[in-house]
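Following are the structures in question.
Next come two complexes built around chain A: one with chain B, the other with chain C.
Coming up: the complex of A and B.
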């Protein structure tokens, strides 16, 4: 190998962290914030920003395990349906089975985990591609939710239950604490543990990961189960916030979640991605939606803008990728 | 073919490359390389991995332009900005990874992109088949039919399709990049026949290989590159292997196979009647501490499958495995690892290394348990582990954070070896440990194997290179069709005896392929 450094490389003044996707995105986010803030004085207020945090929690909780899954090169499209199923079962088990509400919440988390586990077990044992399996369960779980609910909604939860979704704790929306804790834990797991390293190894080269004696199948099973569990938690938060349970809850969540993860620089082909990127992606989507709405842009136009931002970020990501790979 | 070999004197340079330079970020790949090939000449290009051979052929085949310097075809300056320009100049390249469409037929592959047309832009299938048959006949290939699906062909036949494809485009300059890397001995012989026929027709062949014996068998001249620079061009008849190796590595290698005799200890691995159909059939073997056992056989004889069954990738369906005398049931690589078994797989790129990850991450991948506490990776310990590995195996890398896939093949192989030795195994299974790596790195790996055996490691080495098997092994086992068919002591093992055992019912196997 002749590795003679060339002058033009030595002269590179842009530090490596600046060309990272997450940093670029954070910069764009900052510019968008300032821009939208200058157009509208209700946007950049603490109250509004905290409220946006409240609204993004349900998607955010699911986006964290989704980051893990996409880093391994997989995908979970069934999360929105799991939210619906868990929400229905929360209401149903409380109202119809007569479970005490805390037990009903645990039950709904358990159902979420079981739904994710089923995805994971079929993906790892039967080797069904994640896309196919979770499209199937997207339909299956939603169908179950609708079948159980029979189009009836459940209301009238006890007052304390609304604390999670509507009240503040130390001046910050209660559910935002949940999200913050989940973010910190996920970030540490991904960055510092053998589990996190295994995720990257699977995404970059699953065969080599297997040949290196890593527990590939077990790790995959865990992340799909975790994804279901977090969808269950998200369902509890959502029901608490909107005070009612309907079978169409969580429809389309999978797209919001995947958009945030991919916008945050996680490669859909696996192997690349960070929790920090996903957090920036989440913030970006929620704040764009809110900022544009406050500025008077209509709903349809907002979706167009978000789509455009996603395409733009993909372009930036692929050009950065090429830069990293040299040629 | 359009060229008539007698119309020009054989000394005409068909292709000449003058003072070509090329740099990539951080690496000067070529500095002022000149090189030429005459009509009807086989010109070998030799050099260690990273010497610049690949860069040079990519410039000649128009994959990327040189920073400086020029390329002349027939004495005329050509601008090879795109692969298509090279094709038009009569240059065709056959890469290591064959670029064929496995679902299409031989004829469709050969004429992909330039199929003969009938009216209205329709493909003239009959002309295409006739032309294909004419090409097959011109090279006297009789076991290949125009309508066979390429995916069903053996590697050797697929390569012939690539060669025909090049000829169908009237290529006058044929670049072959390690064409024999995946071939059986039989296919190598046939390849050489074809190359000789092409040479007789006036085609200029640029032949890249790590195998010196091939260069002496087929090439007229040889050019040696080292560190991106032209070292020498010699007539093959006027040089010898030792001289070429010295030119390549810039120093003299003491010996190609530094086999040291070490005391052989107790059995480490004992396998009895191991079954995993279809390619592991009632296999029994023993490897002792300090012993290097060579496992020879043709491609597809079941050697890698046996190794992967022992290692738990494809767990056994019957029979027994003992490690250090203890009966074990290995169901996964993780379990094999905890029993002290290490496996350096055949395919470095897909099985051994996670190429997009860093040198540090690759070194620790199989030994994460050693650098992690309660599931948390101790980054300091990980860096030390990787740093020690880099030093111990003399891996040439700019830093521990270098992406492993960007290193040369030899250095990648050292990382794969190093990551397994970090666990301190008792048994090391090496599957083609030196395939596709250069002479210098090869010698280092052989030296290392000797050292490891001396430390009491039991080594099972799979290799398709007979000189390597004969040179490094204490004992040689031969596999054929999933069974061990012969065993030779170091003294008994010769090219002829082992080769004959490998072939066995070879003719039938080839027809089945």
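Coming up: the complex of A and C.
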């Protein structure tokens, strides 16, 4: 035993927590904050930052389960379409079926969960690769939203409904509380529970996880269902914020969500990732959008930057990983 | 395993049944069957004008689906192609309007298509980043870039000679349909009989075995993406020249329609299997369905849902069939 050299942790001059991906990212975030703040004095105000938190909630809620999914080596491209479908059904069930609004919200959450469950059940039972399954449902769920709504929007919700999306609770945007609770719960689940550790095991070696007696299929089914459920929640928050439902809601969300997760250090190859990383990634994406907007860059040009960030951060992460593994 | 079955089936009468049950034959039957069924409900559907409009207006999807099929057979995916077609159409149209020789305007679309796709191929094959990440990123770069450069302005006043889609052969065969058929046949022959074409199947079917046979996996992937870019360029020209204006925005969800055509055409999403004849027939079928919805009084807003169901059913059927074959 004594001949095996121990990993040379002691030799490191920099403490371990400083060279973690999340820490480096947080440092970059801090520098970006200060830089943008000095460029534009409207940027580094509490009002602006809280407002950015409000805007990031819809993507953030979905990014949490997406972190779980990408850690297992999977992906869910249908989240944006689920947001659209749930938003449409929220408005439709309220207006056309005459559901009371709270019931309509529950209905839309249920539909989100069901949409995610369908993804999960086909992925685990039929063994369709997650990428293909969720491309198919990306088309299917958006198609259902378009077909059901016939491109008509629903407006005129009761005043109280706008509380979630537009009001403050204890000085903080109401929906930001939802996101904070979701972040804390997801972080604890991922870090401190058997369920969370199973996700890493699946991502590192699914066959080994299966042979170790882990309930791989059940865990996967749960995370895809969760992804749909959170997309439904995100739809409710979105509708409440923008006061209308349209079938094109949530288009392109998958880009923001996946970019935030990957930027946050979760490996697209599975097995690696943390909720804290995703939170920092989310903040980076939102501040990037906000910073660019304040310097006069239009929304369409922002998605160019986010697309480039997605590719570059994956490139950097994978080359770092390869270096670590000495390949 | 497939090779064995084919070789052994030489004189087998069941072989004829097998040909009939192939994906291509099923699709051809579906295309004709649907036409008859809808025609019985509403004879106006079968008007020559309607059928030729369906073919003309969607030939570019079939051309793009040929490249997409190669990409999927090689075990990859590309969701940036819809955005790329929008960008290439705009590039070509802008050049034509600004007085560049028409041939240059046409070639520019092809060259730019090859360049963008080859770049993606290099990132995927040599830097080993999953195709979905690269093409998702490229999708937003192209989409955002196009709108912010053009401001969404339409290109009008295109010179008459620019309209490739107007050319007709023998006074009856329109160029888009001609190109669709030509590209499909050439690509099908190339993929079936040439060494480089077979390499695509080898790489998609079993990358390790392909490597041991001396096939360079990265080089094959880059080649496939470059070709895919060429077809995307050709598709963009058909798309740009069929109307008198170019909208300078990305056609929404075009990539989904193209992927649907490839997958429904029998290209296995697990890689290694599929033909471009199937994908072209599937492109025609999807266009026919979209048109049929109107004639049977169903709102065209349902077309995307129909596409989703089509992909889902084909993919599940493909995987179940493979599992049964592996079990037998």
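Here, the second predicted complex is superposed on the first by the 289 of 327 C-alpha atoms of A that agree within 3 Å, B and C clash if a C-alpha of one lies under 4 Å from a C-alpha of the other, contacts with A are read in each partner's own complex, and residues count from 1 in each chain.
Here, contacts are C-beta pairs under 8 Å (C-beta built on N, C-alpha and C of every residue); 3 or more make two chains touch, one makes a residue touch a chain.
Predicted model only: the values in this text are computed from it and were never measured.
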item	value
Touched partner set for A:303, first chain B, second chain C, both or neither	second
Partner chain in contact with A:268 - chain B first, chain C second, else both or neither	second
First (chain B), second (chain C), both or neither touched by A:193	first
Contacts of A:233 with chain B and chain C, given as first, second, both or neither	neither
Contacts of A:205 with chain B and chain C, given as first, second, both or neither	first
First, second, both or neither for A:59, with chain B first and chain C second	neither
Partner contacting more residues of chain A (chain B vs chain C)	C
Which of chain B and chain C A:213 touches, first, second, both or neither	first
Chain B versus chain C as contact partner of A:315, first or second or both or neither	second
Which of chain B and chain C A:75 touches, first, second, both or neither	second
Of all residues in chain C, those that touch chain A in their complex	77, 79, 123, 127-130, 132-134, 136-141, 143-145, 147-148, 253, 256, 259-260, 263, 269-270, 299, 301-309, 311-312, 315-316, 319-320, 323
Chain A to chain C touching residues, read off their complex	75, 77, 122, 126-129, 131-133, 135-144, 146-147, 149-151, 252, 254-255, 258-259, 262, 268-269, 298, 300-304, 306-308, 310-311, 314-315, 318-319
Residue numbers on chain B that touch chain A, as the complex places them	23-29, 49-50, 52, 64, 227-228, 311, 313, 332-334, 336-337, 343, 345, 350-357, 361, 365-366, 368-369, 372, 375-377, 396, 398, 406-408, 411, 419
Chain B-touching residues of chain A, taken from the complex the two chains share	1-6, 8-9, 192-195, 197-198, 200-201, 204-205, 207-215, 271, 326-327
